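Take a look at the structures listed below.
Two complexes are shown next, each including chain A; its partner changes from chain B in the first to chain C in the second.
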Partner chain A sequence: MDKEFIARGVKRCSTGKFLLWIVPWAALLAFGLYAAALVLVKGLNQTNMDNRFAFGLWIFLDLTVIALGAGAFFTGFLLYILKIGELRAVINSAVVIGLVCYSGAVCVLAVDVGQPLRAWFTFWYPNVHSMLTEVTFCISCYLTVLAIEYVPIVLKNRKLREVPSFLVFEFELHKLIYVLAGVGTFLSFFHQGSLGGLYGVLRGRPFAFREGLAVWPSTFFLFILSAAAVGPSFVLLTTWLVEKISRKKLVKPEVFGLLGRISGLLLSVYVIAKTVDTLIWINRTSPESGFPAAQYYSWQPFGTWILFAEIGLLGLVPALMLLSPKLRAHTGWLVAAAAMACCGVALNRFVMTVQTLALPTLAFDRYLSYFPSWQEVGTFLAVVAFGVLVYSVSFRYFQLFPSERELKMQVK
Partner chain B sequence: MLPWNYGFQWNAGHIIFLGAFYAVLATVAATLLRAGIRSRRDLRTRKVEHIRWHSDFHDLPAQDRVCRHVLTGEFKSRECPHAFDCRECETHAKLIERRPVAEEEIFGLVFPVSRVEVLAEVQAGDEEEFFGLSFPLNRMYHRGHTWAQRESDGTVTVGLDDLASRLIATPDAVTLPAPGSLLEVNGTAFHVRKRDADVRVLSPVDGEVIETGGAGQGWYLRVRPTANDERAFRHLLRGAEIRPWLMRELERLQLTLSAEGAAAPALADGGLPVADISASYPKADWDAVCGEMFLEG
Partner chain C sequence: MIGPNKNIRAARYGMTIDVDRCSGCGACMVACAVENNVPPANPKATDRTGLTWIRVYKIDNGLPYPETRSAFVPVLCQHCGNETPCVHVCPQQAVEVDPATGVVGEMPQRCLGCRYCVAACPYHARYFNWWDPKWPAGMEKTLNPDVTPRMRGVVEKCNFCHGRWHAAKQQAAADGKPDTEPVEYTPACAEACPTKAIRFGDLNDPASEPAQAAKNGESFRLLEKLDTGSKIYYRSKREWVRQIANAPHPAASGKESFHG
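And then the complex of A and B:
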């Protein structure tokens, strides 16, 4: 039925099958939108957050998806600025992943902040001393950039490119895409850093507080580095997943290897930096604040295991796996390492958000536990469903993997 | 530009932060604007066909973008930097200057002159069979499977080569440009429909359509070329280039048919291409096959 919208030479499932695939996700999205609407209409009393536990599932989700979505800016930077041409095979997919991640994050932030009619206040009355202002500015700007980068992918659709103005605009915009890649890199660099800096400047939360360089705490740089490290891993992981679900070869094995190698190199640097940062924090920053670091890990379930899991099991181990050419050559190990790296960054964001707020900081304070309400979980699931839907539609109608046609022949 | 922000003060922090923000917005807006202006200019200067081809060429698999001199073994590997328009190619000009067509390439005759001059010596009707396909040597061939034949009155006749004719056989529909229409090299010459395939056939020449033919007449268009010198036809394949090119094309066809779920015979199996290849592969995705062979995106 929709064959003329599907790229020539690539096979996609029937329209019926595709509808069957998207209906459950659409239902999940509808459920999530209902949950989000409840929060927007009735307020944050629909959540299990309070004045003491002001960051929860949503901020954890935001930080994680923004880190995972870093594949878009970093792949663009490597391809258009550093001219690593092999990454052309995944750049469109990376852009869609970035768009999904950032638009999902912005939507959840809008629900979390509330008062959507006053959203423009942040631009009109900016607090130039706030990391959050930088985050808001950069994320909204970068989302705009990603939306513009998505335009050529849409206009390249087989049917749409029959319209001459679409064809030439796509062509001309694509010629200038390196400018957008540069802007995207600049914006991503700063907002990833600002998200990290947000925690690093919390003097009242010695678990998160870090020293740093000039006005930037070390978490500023660690967030940039970790996002750049796992971005390619997430692109690798999603590409592999799409290959498995669609049962098609989409990129050459060398591209998987290259993404793994880039991720491994950056992850190793991150693990070293994170280890040094943690040692400085344990031995100097935290004691100077009056808290021996061991104290933070006396509250269960956040024992020292979480620190070792984050840096060792989900940091060092995948970094070594990704750096090993032998393991990289084996898809199973490569994908496992990429998945571990992604889990590692998610755990880091969880620790920085949830553990930081759970720990008591004053004598009369107590250790808090938090469990999200169904409305929070629903909104979280809406973002997942939205991502799957946008990616599925993009995969069906747009050329996310330019090598697919060529690889189909090679497979045969 | 900054003071319109609430609470703005003329200090370094405010200027740097807001300056960076507005610089980013300005860059993004300027990029969009520039793309828009360029697009408008392209539409006005009728560059749509040129852009369509460049976009399609860019999307071709790397092995399909190879230089014609790779086909003849003069290079081991080289991607065509001019999107199959050798008229602007200095490398091509140097190579044909340096290597005139050799004896064995044209009926054992020695012509130590340029290729076009050799063609002038070839009589109409001289033809050679390559793998069971007829490719008259007085014609020049485009890599999108059209041929161009220079007529004595200065016009050029355009048709589908034998491989393309066998892929299309009797077309379900043909859409030809009206006389007076302008064609450009690698732009759309005409459309042919066969089964589910709507094929955009690429033009081998620049010029104005003066007469239209059809599948039954053996030719599709008669064109008055914009230029009639050697350079205007330099991008077309001829003589000794035909065999290696065709060999690669048959290999490509075989691969495409296999990829589309048809058990295609290999060259090593022997045999000759049938008159209606599509009839032999009723289940194959003919749109994909034709798209591949006619260099469509």
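And then the complex of A and C:
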């Protein structure tokens, strides 16, 4: 039915099968949208957040998906600025992942604020000292860049190419791709950093507060580094998943290896930097605020295990796995290491958001717990469903993996 | 942000709260709510989602009976004067420190409701409007016309009874006093306290009670080491009470009760 929209030389499942795949995700999206609508209409009392747990599942989700979506800017940076040509095989997919992650995060942020209609106030009355202002500006601009980067992918569709003006527009747009990659990289560096800075500047929360360079706390740089490290891992992971689900060879094994090696190198640097930062925080920053660092880990269930899990098990271990050429050669190990790296960064974002708020600051304060409401979980799931749907449609109708046709011919 | 005006003799309003005198009656909380149009709690509100600009915590020394001793600690916005944590984080300048008074003000009309300031405040003195404000029929007639009620989805907190400060400024102008001089007034909580545990004044005026109390060896500020420049001084003759100035300790805090 939709054959003429599918690229020449590639094979996609039947329309019926495709519909069968997207219907459950569409249903999940509808459920999530209902949950989000309830929050928008009735207010944030529909969530389990409170005056102590001012942020919850959604902020954790935002920080995590934006870190995972970093593959878009970092792959673009490596391909267009550092000229690592092999990454052309995954750049389109990385852009779609980035677009999905960032647009999902922005939508959730709009639900997460008490007065979403006042979002423009941040542009009208910006507080230049606030990390959130930096985040808002950079994310809005970068989402626009991602949308522009997505346009040529859409315009490459077989049917759309029949319109001459689209062809010209796509050709002209493509000339800008180097500028867009540069702008995207600059904006991404800043907002990944300012997302880290969001918590790092909280001097009233010594668990999160970090010293730094000039106005930027160390978390600013750690977030950039961790996002750059995990972005390629997530691109690797999604490409592998798409290969499995579609039962097609989409990229050459060398590309997987290259993504793994880049991720491993950056993850190693991140683990070293994070370790140094943690030691400075334990021995100087936190005690100087009157909070001996050891006490944070006396509040169960957040014992020291969480620190070791974040830096060791889900940081150092995947870094070493990704650096080892022997392990990289095995897809199973490579994918496992990439998944562990992604989980490590998600755990880091969890610690920065949820653990920070759970810990008491006043002497007579309690340690508090929080469990998200179904409306929060529903909205979270809507982002996942939205991501799967956009990616599925893009994979079916656009050329996300330029090597797919060539690989298919080789198999033949 | 408001810039300093060299012609104004700036005040630095602050408080001293004598913990030994506080009986935990909650009159300050009620007076504050009435003065500042804080709505009655929504039936679904909990102690973590309710609204109050001043909250009385009950603490004890953690010892078994008969050595058990308890005290009440009213906690309100500490009006931090040193790199005020909430001011720096607000993305749209809805929070500011008035250089003429030192009061940390909140502009609910500009608040986005992002709650970043709530997360930034180490004293948990900021409250979010989780519900639409509702007063029982007829009770809305008792609202204070000098204070704007806040809407759902914005943050609010103590502003040292800004409405009263305005009234005092108008009175001073009517009395022919210069506009550049600080005015004397009393916030609702200090006025309502039956034991006079809460005293309010200008910390820049050495003769004021809070300024004198600040120098007292029995005075302390919460989380002093964070160096937030809090303008609320607590005092107690009891050593174990003065320990609350420090960071929490898991072993000790487990024994302490909590009341608000």
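Keep this in mind: the second predicted complex is superposed on the first by the 411 of 412 C-alpha atoms of A that agree within 3 Å, B and C clash if a C-alpha of one lies under 4 Å from a C-alpha of the other, contacts with A are read in each partner's own complex, and residues count from 1 in each chain.
Note that a residue touches a chain if its C-beta (ideal position, glycine included) is under 8 Å from a C-beta of that chain, and two chains touch if they have at least 3 such contacts.
Keep in mind it's a predicted model, so treat the numbers as computed, not measured.
Q: Going by the touch definition up top, name the partner, chain B or chain C, that contacts more of chain A.
A: After superposition, C is the partner touching more of chain A.
Q: State whether A:Pro206 touches chain B only (first), chain C only (second), both chains, or neither.
A: Only chain C is touched by A:Pro206; chain B is not.
Q: Give one of first, second, both or neither to describe whether A:Ile245 is in contact with chain B, with chain C, with both, or with none.
A: In the superposition, A:Ile245 touches no partner, neither chain B nor chain C.
Q: Please indicate which partner A:Pro126 is in contact with in the superposed arrangement: first for chain B, second for chain C, both, or neither.
A: Both: A:Pro126 reaches chain B and chain C.
Q: So in the superposed three-chain picture, is A:Val23 touching just chain B, just chain C, both, or none of them (first/second/both/neither)?
A: Touch partners of A:Val23: none, neither chain B nor chain C.
Q: Applying the touch criterion given at the start, work out whether A:Asn45 contacts chain B, chain C, both or neither, answering first, second, both or neither.
A: The second partner, chain C, only.
Q: With both complexes superposed on chain A, which partner does A:Ile148 reach: first (chain B), second (chain C), both or neither?
A: first
Q: State whether A:Leu176 touches chain B only (first), chain C only (second), both chains, or neither.
A: first
Q: Using the touch definition from the top, say if A:Val276 reaches chain B (first), chain C (second), both or neither.
A: Neither partner.
Q: Taking the contacts chain A makes with chain B in one complex and with chain C in the other, which residues are shared?
A: The overlap between the chain B and chain C interfaces on chain A comprises residues 124-126, 129, 133.
Q: Mind listing the chain B positions that touch chain A in their complex?
A: Result: residues 5-7, 13-14, 17-18, 21, 24-25, 27-28, 31-32, 34-36, 38-39, 42-43, 47-48, 51-52, 54-55, 59, 61-63, 196, 255-256, 258-259, 285, 287-288, 291-292, 296-297 of chain B touch chain A.
Q: Under the touch definition given earlier, write down the residues of chain A that touch chain C in their complex.
A: 43-45, 49-55, 112-115, 118-119, 121-122, 124-127, 129-133, 136, 198, 201-206, 288-292, 295, 298-299, 356-357, 360-368
Q: For the complex, give me every residue of chain A touching chain B.
A: 3, 8-9, 11, 124-126, 128-129, 133-134, 137, 141, 144-145, 148, 156, 161, 164-165, 167-173, 175-176, 179-180, 183, 186-187, 399, 402-403, 405-406, 408-409, 411-412
Q: Touching chain A in the complex: which residues of chain C?
A: Residues in contact with chain A: 42, 44, 46, 48-50, 57, 59, 73, 75, 83, 85, 88-94, 110-116, 118-124, 126-132, 152-155, 222-226, 228, 243-253, 256, 258.
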